[in-house]
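Both of the next two complexes hold chain A, though its partner changes from chain B to chain C.
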Partner chain A sequence: MADLGRAALAVSLGLAVYALVVGIVAARSNRRRLAVSARNALFACFGSTLVAAAVLASALVRHDFSFVYVAQHTNRTLSARYALTAFWGGQEGSLLLWLLVLTGYGTLAVAVNRRLLRDLVAWVVPVLGGIATFFAFVLVAIASPFDTQTAPVDGLGLTPSLQNPYMAIHPPMLYLGYVGLAIPFSFAAGALLSGKTDERWLVATRRWTLAAWAFLGVGQLLGAHWAYVEVGWGGYYAWDPVENAALMPWLAATAFLHSVMIQERKGMLKVWNMVLVALAFELSVFGTFLTRSGVVNSIHSFAKSPIGSWFLAFVVISTLFSVALILWRLPLLKARTKLESALSREATFLYNNLLLVALCLTVLWGVLFPILTQLVQGETRTIGRPYYDFFLRAFGLPLLLLMGIGPLVAWRKASARSLLKLLAWPIATAVVAGAILVAVGAGSSKPGLIAYTFSAFVLATIVVELVRGTRAAGSLFRLVSRNRRRYGGYVVHAAVVLLAIGIAGSSAYQTTTEQRLVPGQTMTVAGYHLTYRGATHIDTPNAQRVQALIDVRGPWSGRLRTGSVTYTGFAGETDREVGIKTDWLRAEDLYVIADDFRPDGAVYFKVLVRPLINLIWLAGLLFVVGSLVALWPDAREQRRLVTRLAPARA
Partner chain B sequence: MARSTRSPARLIVALAVAGVLAVFLLYTAVAGNSTPSLTPSGLAGHVGKVQVVGAVVGPIRGDSHSAAGLRFGIRDIGSGAKSPVVQVVYRGDSPPPLFAVTRHVVVSGTIVGGRIAGTGIVTKCPSKYVPTKKY
Partner chain C sequence: MSGLALVLGAAITIAAVVFVGLPFLREPRTDDDRLDAPSEAEAGRLELVEARDRALAALKELEFDHRTGKITDTDYRVLVGQARRAAAGALRALERSSEAGIAGQQEDVQGDDRAGHNGSDGRGRVAVDERPHHVAPGGEPDQGHERERDPERQHDL
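Moving on to the complex of A and B:
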């Protein structure tokens, strides 16, 4: 079986090289049959990668420990479900997933657009072939999941902290996001190489970008929820390089999704859009490099593996390729129209873009800072949470405000008077909300107060837009179904507002107390009275679990269990099991960590009361709904775009 | 009089870039406190606040909540028994549950008399792309 997997990967590499080389020859010489051959090689590359993936999945489920990868990441006690998650639980398997998703996405995107955009697709194929060549080469030559050995009696198993339902969904979501950004990048590069730099490549890839962006966003929120409920440190985002690796391409893609509308409508920002799409893709590969090179210090243990230098080389080469391509085609990227006023829809989109990119580069600077200080000063220095929090506020709060103003500003040129008239209700709502918040004591945190006031403003603008639109369209359903992209966008904006309220509420207004209790003693935190009743010990063949029983009185009354579990094997790995009680009415969590069980019966408890934190998870659901609305096929919009882009095709 | 046809886009971008740079400078000049991130073998000659990345060396004694603190050693990750061990006295919240001998940790604190007076411990998550394990 391993031979089949190795052979399938070797075939994938050969086909990817064929798609790259023959694709270039075909596109340059405009030989249609050769171009079809290169395209078919890309499709076949997906097929052979699928065979390789099936071989690995089968070996994982069958516990075939003659595969080194299977023995390293599973054992006989691991259920089939978790054995399958081990596919992306290790380096080699996750790289195979990268290649599988890339060739699968590429096949679909090329197949769908092969007739509509024949000239452009002829160049997209070699670009995708080039990316696939890199990953197939790494899998064949450096990190093969099909290395074999004499099968041991049992495998080493999957780290207990990864034996979690989130493991089944969080990494694949991120991969679908990371790899999905290769599609708009390939079409952008195809447009530049073919000289077809009109808006058609944007239309062809809009949904691909949106889908990749949505997967990346959902993947990050799932990771945050996993950290919150399972890791047990009370937080959900630590500005760790690994987390930032997913955030950076998401921010660049967010900027692109906004600026693309300006190019579609006004023919502006062509260079900017090329830069953004390249930036998003390069950052997604850079993120993969970060998690595999060990060059930065992270709370995740990553190896200093030789694979890192290959990824770095790929990032450098593909970045140089993108820059050279954009510079070469600058004359073709001239704007059709110009920005007429600093107070216009176009201008607000530009401000939004600048803030998003500034935030993205700020995060990148924070990630690179230790490497740069090592290079310049000979000493690694890190900048921590205060740096990121400062810039999140500096750029995030104006972004929040712009999210409310932008959709109400007229295209081309708006007058301050008409804009103020439109914003009268939202401003009034924000002022009233701010006054109420100060009255109830929310003024204790200025950033929190500003975030809440801005959030009220944005929600009011969304409501104003919906009311105005519904009046004109006759019904809300008709309004949304006629312009899914726009109103899907509003739903996503509402999700971002919920996210902002959740982040501000849970960080600016949280209460934390740590106290040592013996059975019978009580501690009080933010109106909750917690009485420690004693500890129970549960031993199973695989683990020893100790739990503290706590009776709670206050806004919620009941019993909570919190403790830790120590696994046999895995060097006695211990995981926390936190006690969480959610009050959905107030979106508040009572979060209890039993930190330290003492032989004398005492336990150190850390109790957090985190108001509004559950709005973050609700925001995730709303984000999915908004993304689906915007992604849903819309024939009417497609016709509008075709009509608008008709001169460009001529 | 001829009207300028230049787009204000460039001006906006230039002002935005200047603004961002100004904020950066302001932050790094006023509030940007970076901390040296060191390994135990690279601590010699350093004073003040540090972050030290290493592997925990036993025995682990004491209590992080007491005045005497929790005491343990750390040495460079992946180094042999010959590499230097730096002593840590940590006071504060209980250390993370994964904290144990041989675990990889990041200790934040201050160097006092050749020891680290720790105020924070982060235990590295046993994550996906770890070095090849041995049977």
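Moving on to the complex of A and C:
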């Protein structure tokens, strides 16, 4: 069946090239049947890629080791569920997933808009065809998942750290986010190529951008939770280059989701929005390059591979294409209105954009620095956590503050007097919250105290905004249902506040104690008394597990097990198995790591008490709720597009 | 390549070729193979519609901001006059454009009649849209755009 997979991918490549070349000819020469033909090629490309994906999935589930990819990433003991997750556990499978999601998204976006935005879609098709051509080419010529061999008796198996439920959902979520950003990019490029830079592309792609952004956000939070419970170093985000690779396009897309509203309202920031859409897409491809090329050291990155240079070339070419396109159409992107006041909703969006992009570029510099020092000086110099933490505070805290102030500022022009009147309650709430926090001893960390008081301020502004809006609209339901995007956005803001509280609480106020214990000894951490009772060894055919048993007394009493597991094969890979006890009432975790088991029974323990950390995961749930509210289909919005176009076609 | 894979691969290729060629198989010959792209005039009108929507939305934003206490009464009185004038201007511009468009279309039809055509565009459609045009009188809200009358509708974030 590998032949079928190879044939399907070759057909995909041919169809993608056809969509690119014939699509350009059709759009340039304004030929309807040719444009429909190119569009059909894109749809068919999805179909043939789906066949290729089905062939690989079938081979994985059947443990068909005549496929090199299957033999390298699965073995006979691997369950069908994890065998399927091996689809994106390796490089070739991940690239196939990229192409599948891209052509799937492209087919859906083009099919939905093909009647209403026919002129625009004619240019969107070749842009999507161009991106698909690159991925199909890499899959056909450089990194095929359908290479075959004489089937060995068993495969090498899936890396143990990938054998957990998070791996079933975390990578696909990130892919849906990364690849989803290709849709607004294609429509923006289509608008520029066609010279029709009106707002139709914005309206058509709004939900696509929002969905991609939501997937990317959820994917990152799932990754953070996986790192916390599975990797076992006590943290959830390490500013790893590949983690940053997902954060950067998310920040650019966040900036775009805000600035796009200024274009819709005021017809301003057209160039800026094009730049942000291109930046978000280029960063998503760059993120894939970072993960796939092995150019940076990361727990996520794959071994050095020949596709790195191809990806780099694609990033460079597509960036040059984007820049040239924007410069070419600059005269069409001139704003017809100006910012009327530095104290207006538009201005706060602008400040928010500057901070988000500054944070994004700061992270990008941190990621690029080791690569550049290697190129220039011949030695790799990395940028550490203090750099990122400093800029996160420098840009993140003002962003948090703006999140509170922004919604209370009027469009066009606000007066300081009316703004201060509206801010009176939130400021009072923040002051009271700050005073209480200092009284209970939270003043020990200034950044933590600032984050908490700012968070109280933002939550109070959201409440004030909802109360005043409800009074004006008559009911909360009426208020929210009539503008889901706005109020879904507020729910997301509340999620970000919870995230900030969780991050500040778990990092600024955490207690960490490290101690070597022999059986019977006790250590005390933040009110918890932990007594080490001894170690157990469990040997299975695939792994040797060693666990320390700890009895805990204190705010919670019970037994925890923590240790490590060493797998047979995989070069003796050892993973930590941490002991975590969650206290949901206090949103606090007791987190125990056991290491260095000595023959005399002594074990080295690291115990962390992390207050409020679980608010980060709750923030994830709230983020999903807010995104769904904002994403919920709105028939009136579609009517708006139709009625805008109907008179023009009359 | 195994026999089954060969057959399936060939089937995928044939299906793809047929699907891609479908527009030409369905319409081997056509009198009008142009993409249905908006003309310059239509694009201009679209811009005016967008400007109208923005102006009306700004007016509603102003009302909503005033009702929620974000704008003082004094500021509101100053700003609402400007916003109303801008909205009225946008509506008038759109009205003028519609009238010019209708006149242009009527001239085209008369020209076609003189040339002996029957008013069909070659695809069996009538060249002049006989549906009532949805243009509100200058300065009055467009009843056809009820969404624009909703004060909260246009306020995002």
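Following the convention adopted for this analysis, the second predicted complex is superposed on the first by the 628 of 650 C-alpha atoms of A that agree within 3 Å, B and C clash if a C-alpha of one lies under 4 Å from a C-alpha of the other, contacts with A are read in each partner's own complex, and residues count from 1 in each chain.
We adopt the following convention: a residue touches a chain if its C-beta (ideal position, glycine included) is under 8 Å from a C-beta of that chain, and two chains touch if they have at least 3 such contacts.
This structure is a prediction, so every number in the text was calculated from the model and none was measured.
K.L.:
Clash or fit: chain B and chain C on chain A?
P.N.:
By the criteria stated at the top, chain C and chain B fit after superposition, with no clash.
K.L.:
Have a look at where A:S48 lands relative to chain B and chain C in the superposition and call it first, second, both or neither.
P.N.:
In the superposition, A:S48 contacts chain C only.
K.L.:
Using the superposed model, give me the angle at chain A's CA centre between the CA centres of chain B and chain C, as a multiple of 10 °.
P.N.:
140
K.L.:
Would you sort A:L420 into first (chain B), second (chain C), both or neither based on which partner it touches?
P.N.:
Neither partner.
K.L.:
Scan A:L476 for contacts with chain B and chain C and give back first, second, both or neither.
P.N.:
neither
K.L.:
In the superposed arrangement, does A:A394 touch chain B (first), chain C (second), both or neither?
P.N.:
first
K.L.:
For A:V438 in the superposed arrangement: first (chain B), second (chain C), both or neither?
P.N.:
It touches nothing on chain B or chain C.
K.L.:
Looking at A:A80, would you say it contacts chain B, chain C, both, or neither? Reply first, second, both or neither.
P.N.:
In the superposition, A:A80 touches no partner, neither chain B nor chain C.
K.L.:
Can you give the closest approach of chain B to chain C, taken over C-alpha atoms and in whole Å, for the superposition?
P.N.:
16
K.L.:
Just which bits of chain A does chain B share with chain C as contact spots?
P.N.:
In chain A, nothing is touched by chain B and also by chain C.
K.L.:
For chain B, which residues count as touching chain A in their complex?
P.N.:
Result: residues 5, 7-9, 12-13, 16, 20, 23-24, 27, 31-38, 51, 53, 65, 93-94, 96-98, 100, 102, 104, 106, 122-133, 135 of chain B touch chain A.
K.L.:
If we count contacts the way the header does, which residues on chain C are in touch with chain A in the complex?
P.N.:
Contacts found on chain C: 1-2, 4-6, 8-9, 12-13, 15-16, 19-24, 27, 30, 32-38, 42-43, 45-47, 49-51, 53-54, 57-58, 61-62, 64-65, 67-72, 75, 79, 98, 101, 129, 131, 133-135, 144-145, 147, 150-157.
K.L.:
Residue numbers of chain A touching chain B in their complex, please.
P.N.:
Residues 71-72, 88-91, 94, 152, 156, 159, 161-162, 171, 231-233, 242, 268, 291-292, 297-303, 305, 335, 338-339, 341-342, 347, 350-351, 354, 358, 361-362, 365, 369-370, 373, 379-384, 386-387, 390-391, 394, 514, 516, 564, 570-576, 595-596, 604, 606.
K.L.:
Per the contact definition, I'd like the list of chain A residues that touch chain C in the complex.
P.N.:
1-4, 7-8, 11, 14-15, 18, 26-27, 30-37, 40-41, 43-44, 47-48, 51, 118-119, 122, 194, 196, 198-200, 258, 261, 264-267, 345, 349, 406-415, 417-419, 421-422, 465, 468-469, 471-473, 479, 482-483, 485-486, 489-490, 636, 639-640, 643-650
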